[in-house]
Amino acid sequence: MPRLLRRVATRLLGSIPVLVIVVVGVFLLLNSAGGDAVDAYLLSIGGGDAQQAEELRIRFGLDQSVTARLALTLAQLARGDLGYSVALNRPIGAVIAERLPNTLWLMGSATALSFALGSALGVLAGRRPGSAADRLLSAGSLFLYSIPNFWLGLVLSVVFAVRLRWLPVSGIETIASGKTGLARAADIAQHLVLPVSALGMIYLALFLRVMRAGMVEAWGQDYTLAARARGVAPWRITLNHAARNALLPLVTMLGLQAASMLGGSVVIESVFGIPGFGRLAQEAVAGRDGPLLMGVILVSALMVVAANLLVDLAYGALDPRVGGPR
Amino acid sequence: MLPSVSRRTLLGTAAALLASTALPRLARAAEGGRLVVAADSEPRQLNPAIVASNGVFFIASKVVEPLAEASYEGDGLRPLLATAWEGSDDGRTITFTLREGVTWHDGTPFTSADVAFSAMEVWKPLQNIGRSLFADLEAVDTPDDHTAVFRFSKPTPLQLIANALPVVSSVLPKHLYEGTDIAANPANGALVGTGPFTWGEYRPGEYYLLKRNPAYWNAGEPHLEEIVFRVLPDRAAAASSLEAGEIQLAAFSAVPLADLARIAGVPGLEVVTKGYEALTYQLVVEINHRNEYLRNLKVRQAIAHAIDKRYVLDAIFLGYAEEATGPVPKNAPAFYTGDVTTYGFDVEKAKALLDEAGFPAGPDGVRFRLNLLPAPYFNETRQFGDYLRQALAAIGIDATIVANDSAGHQKAVYTDHAFDLAIAPTVFRGDPAISTTILVRSGIPAGVPFSNQGGYVSPALDALVDEALVTLDPAKRVELYDEFQRLVTADLPLINVADWSFTSVASDKVENIATNPRWAVSNWADVGLEE
Amino acid sequence: MTSLATCDRLTVRYPGAARPALADLTLALHAGEKLAVVGESGSGKSTLARALAGLLPVGTALSGAIRWSGPPPRPGRDIGTVFQDPGASLDPLLTVGAHLVEGLRAPLPLGRAEARARAAALLARVHIPDPERALAAWPHQFSGGQAQRIAIALAIAAGPHLLVADEATSALDVLVQAEIVALLRELCRDAGMTLLFITHDIALAGTLADRVAVLHDARLVEIGPAARLLAAPREPYTRALLAAQLDLASPRLVGTRP
Amino acid sequence: MTLLDARGLAKTYPGERRIRALDDVSLSIAAGETLGLIGPSGCGKSTLARVLARLATPDAGSVRLDGLDWLALSGAGLRHARRRLQMVFQDPAAAFHPRATAGGAVADALRIHRLVPRRDRPEAAAALLRQVGLSPDLARRPVATLSGGQRQRVAIARAIAPRPRLLVLDEAVSALDASVRARVLDLLVRLQAELGLAYLFIGHDLAVVRAVSHRIAVMDAGQIIETGPAEALLSDPGSPLLRRLIAAVPALHRKDPPV
Amino acid sequence: MIRELLRRPEALLGGLLLLLIAGAALLAPVLSPGDPLAIAGRPLVRPFTDPAFPLGTDGLGRDLLAGVIHGVRTSAAIGLAAALVAVLAGMLVGTAAGFAGGLVDEALMRVVDAFQIVPGFLLALAFVSVTGPSLAVVAIAIALGAWTGPARLSRSRVLALREADFVAAARVMGMHPAEIALRQVMPLALPPVLAVTAVIVAGAILTESALSFLGLGDPNAVTWGGMIAEGRNQLRSAAYLSIIPGIALVLTVISIYLVGEALTDVLAGKRQS
């Protein structure tokens, strides 16, 4: 295990310079923006006078120079303090801690669903490349892959939530329901069905395609031929050899898609009114809340780093050629 | 009809009595229940005494009350924390008689000290509107616990103050705020007021929960047990949620206009257009007079002629708006006059005006180019931007739409003046002195939203605005503002296109909707929910 | 001598290929013999191995016949196959033990524990040191020669009567090649297995096989006892092949000094 | 006359196991001589070839080539000096740019060293192709469409184009079929005679190395364990490795001498 | 290669569709002259009811067909521009990193990492919000999230090619490093990057539509995402407002994928043979 720990530590340390680049980049981007947090705030309250704006700038700490604020931000982040949101008037850490679970639920479920279904269908399609099932699944996945997720979300919500009333229209749970424990979990699950489907579909298609490609690749390898020569049953070759090997690129893909999935959840959260990271980012941008947007992007980036780390560890566990003693 | 307020009018319990007997459904309102309402935004801070805006009032007005609320009855005001108000002849003092037997939600009695504190420490120095309205307020005397005397350094019309009361006079508990950083007081997040509902819970991004105040001063109210404001920034989601029965009320046009016709036909839902009369929004084309073309009156007139207001009302507002004739909406009958210069839709005339102005069409049909910045906060302003671009194209003006988000728009138009034409939704706040005049008065520093940032200067207009500000006689004030409307429509510092208000969509189980002209931002003490 | 299998005018054409990979091939494989099939690249020798092992890809056109002396052989049970690249023919994600257990249980009615016990014995049979440890190891942890031994163990797991070695030594170092050839020889001797040995190295064929068949351009050129064929080739092609082959007795092409 | 003299070459590949690919290797090759280098896979043969061809940098050691301090050269100086030593790789398919034509590949070599005026280059390239036994008609053909033997001949033509003194042949015939291999070996021997070339002939097949080498060096685990004249060395192998290598060569036992 | 492409029915279908779409884009000013944002008739004409507006009109009376046709141009312009920027920038950085190696490589790859761990859509959202939406800004915003793929791909190709025998051969021949880089390696590093271009174009079109959907599209141009967003308010009463541009979007993206996939296959087949 120390070996594992060392790998984790190395990876995390290695991502520090990357995160610094992210912070500086986002900071500079926001500073080039037209309008600041005070402008946004004054608008939201329907106006104010010039002196009030000045007072607010001092209160929000916007009167200092760019470099001073950048230095302050970096120092703050180095202490693990995400700072204070002027738009929401609350500590950013607390805001993020509130929203993070919702996005994690959404992303986690979408990942699980698309990975499970995508790989299973990918096996089905790649079982016999060129077969009718393969052509159907390949065409279907291409179609799914081409549908914008927000549009799919709209269609799903009209059909299943508004028309059929099977599922809730929006939100992450029934508000102020007082539910706890399993009842609450069931409630959240119910709210997640549509957004997870809308978000996960495109990845399901992607994973199906990657899995299928991996299977096709595996069929060209000697080890599947050798297994045939040993008289191993076809289903066993499919699952135990081809699918298992095809899973490796899929796991890699999972890491690569983490960032994209987080981006996709921005739109889906907007469609389904889920108070998650995506909506927080939109609020931060609208409110010109630099520190908040920084917090959101930084924590998103950390999530992606974590996701990739997990994928690496999973890969190491799956593939004896990496990680283990050579 | 809102009759003009007489300086010496005494409003007493009689008005309140009248109000209660005039609303027969009130007695029948069901007790208890939870009303779930769509809220489209989460204000940064919810203290209505500091931030006088509809977004804040929508939630906070149920908890923190002003001295008076707007009313369809009598002279247009219903006493809340003040039972009467009287101005002195010299216009330098206004005396408020305060309601007795009112307690704060924490049990402390409400007294004139709270009013004095709120006025001097909050409204005057901190509140976005109060800062100008109460600029001349010198002191508030409290001869007894239930009398507050406002002393002004200059004559101040009672009419103006009275008209502004529902907006500017939310009273804060002195005992919680005194000696603290008021803007950062924790009570701004968990409000303490005298209203019919007490603060319950806030889950950011999800909901606000308000609970019944059992000790409300008006015995028998409120009827609801709880109000939940569910955060639904997306307007389409609000409509779907109403249909799915997840919410019972969507105010402030949370349901898009385009969907209203359909939703009106959904069983169990009703569309209510009343209840926003005192919350009129004005669709205004802001003009940058620094622009060489727009500096020319003929060009401004041509633009006014190029706009088919009828079409705007029908296509963009789907009929839920009024054609504007000038800077005061018809919804403010006390001040409105139709006796102004009007500009009928006439493309040929517009073209002729432009020719006269010396801007003939080029070979590509274009006379000159402008940029156009529609305010992004409303669908209607954006759509009108699309329309205006077309309308201008028809008379040979090539307009390019520059889209910014809210903060970017604010900076571009009101700070950097980086616009030729802008489209703004300004609010008419019941009295020209605290709303529409700021759009044309010169000398307003950069950075103030919804103010004259187009560089328009008219000494005559400035003088008129200033005079009206210190004119005590209501009739004289009205006359001055009539003249103001005439001047503005003649010289077109800006173009008023339409005045619109909001709609509510509610479950037909919700009782006592739209019982006053500021209903959505009033205290909802009388609202009930049928089982 | 009984024949195990006979190819009768066998012609094989891969899908989409312009020319057949095997044309009109008639050849008998005797029970218990070691037959080497020799040819240069593209001669069709690997196609012959795959046709006999039943491993031609789907869609391959086959005419003529392969006749077996008994019931049609089952891959794995009756025929074992060893491929050229030992690294590629083992699944990188399965332990050696898992390979063997799977290979044993596919043709034989064995329990998991039983299969595992036999697996260790098989590894010992192909001279893998410390078979118990090897069972838990991964394919990439073995050298090419060791991996090929494991592949051979897998091929002979079910005790097939025919072992097809398709260029089984070509990818290996000369020293290792010699060891593997020795192992094959030993296994055939001990188990009475028939060996079909596909190679491009006619000299190697000569040292191992009882009979040698020479393939050229999808056709059978010559077949005969190894000693005779090497010593007195009848066909010009065989002669040319032999002439190109060098051994330590071949005349040197350069002098002792430059 | 010594053409190449390498002293104390050492190279360790970084990584967890720090493989010592070259461990104090010294060798010399005389002008016009073929030194055969044999050893099991992984013994360091290819690393040695790459170090001598200046494709890899040794950790230690020195090389003199044709009077030059070979390892001290760099930049343009090295590029010009490179014409003295050329190399032929094992896989003739990989050694050419996928879009190279046979004539183009040879002409490139001429162009780089400005050996032939531009307009004479196609002619010179054709001549070189002829010299390695290829029809000049093949000049326009993409190398990728040629057979393995033809490709390796193009590779040899390209290598001799700048008129080198030494060719490093890294398993240059190992991937070829026996009949093709025999003809390429003949070609190499002929070119050596015609051009006075020296070869470092790296191979794993002792019979092939023996046939073309004047002297043979045996390499194991990064070290040269014995060196000597081909015949003498094979008739009296000093190391167990060489004895095993000899034993591993299958004998043909043919009666009639090969044609 | 064309013949090879034509042999695949999916590719044929995608190609035809793409031709149709490209035709619509090129001929948009002819097919539907004038400003597609112009108010052309009654609002909310249902599709297939009025021959003047085959696909109906939206809430402002704008011709939906005109919107769909001109929307192709926006989508194509942004898709191609974003892909061009992304591929060029990516290849530049990737090849530079691959060739330079060492510290330069390390630094460039950390920048690539930084862009890769920030969700591209989030970045685009922030960038467009802050800069103000115009076609160019949207294209750059999308490219910000898309260039890392080509960068990594070209770097790994360059690294692999640098180790190839033919590069070693060129070095031994004495070829100048610049010539090796530009004439030998670059042309081969290109095709795999180009093969993913189709995916980048399609992805850019989808991203643009999502940005427009969130109100971050260029207001002076018709965009399908913007049309869907506007139609969203009338999803229950006039679903066609969202459905029609949605279908146009799906068809465009799918045709690009089909053609791109076939191209990739054919290119890969070529490489193998």
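For reference, chains read A, B, C, D and E in written order, and residue numbers begin at 1 within each chain.
Rule of thumb we're sticking to: a residue touches a chain if its C-beta (ideal position, glycine included) is under 8 Å from a C-beta of that chain, and two chains touch if they have at least 3 such contacts.
Here the structure is a predicted model, which means the values were calculated and not measured.
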| item | value |
| --- | --- |
| Each chain counted as touching chain A and chain C at once | none |
| Mutual neighbours - chains that touch chain B and chain E alike | A |
| Where chain B and chain D are represented by their mean Cα positions, the distance between them in whole Å | 90 |
| Centre-of-Cα separation between chain E and chain C, whole angstrom | 51 |
| Euclidean distance of C-alpha centroids - chain D vs chain E, Å | 49 |
| Centre distance in Å when chain A and chain D are each reduced to the mean of their C-alpha atoms | 54 |
| Junction residues of chain C, two or more chains touched | none |
| Contacts with 2+ other chains: residues of chain D | none |
| Multi-partner residues of chain B (at least 2 other chains) | 236, 240, 243, 404-405, 408 |
| Contact pairs between chains, per stated definition | A-B, A-C, A-E, B-E, C-D, D-E |
| Contact set on chain A toward chain B in their complex | 33-37, 39-50, 52-53, 59, 86-90, 95, 98-99, 102, 154, 157-158, 161-162, 165, 168-172, 175-176, 270-273, 275-276, 279-280, 285-288 |
| Chain D partner contacts - residues on chain C that touch it in the complex | 40-41, 144, 173-175, 177-178, 200-204, 206-207, 227, 230-232, 239-258 |
| Chain A to chain C touching residues, read off their complex | 221-223, 225-233, 236, 240-241, 244-245, 248, 318-321, 324, 326 |
| Contact footprint of chain E on chain D as seen in their complex | 50, 53-55, 78-80, 82-83, 85-87, 89, 91, 94-100, 108-109, 112-113, 155, 158, 162 |
| For the chain E and chain A complex, residues of the former touching the latter | 10, 110-111, 113-114, 116-127, 129-132, 145, 202, 206, 209-210, 213-214, 225, 228, 232, 235-236, 239, 242-243, 246, 249-250, 253-254, 257-258, 261 |
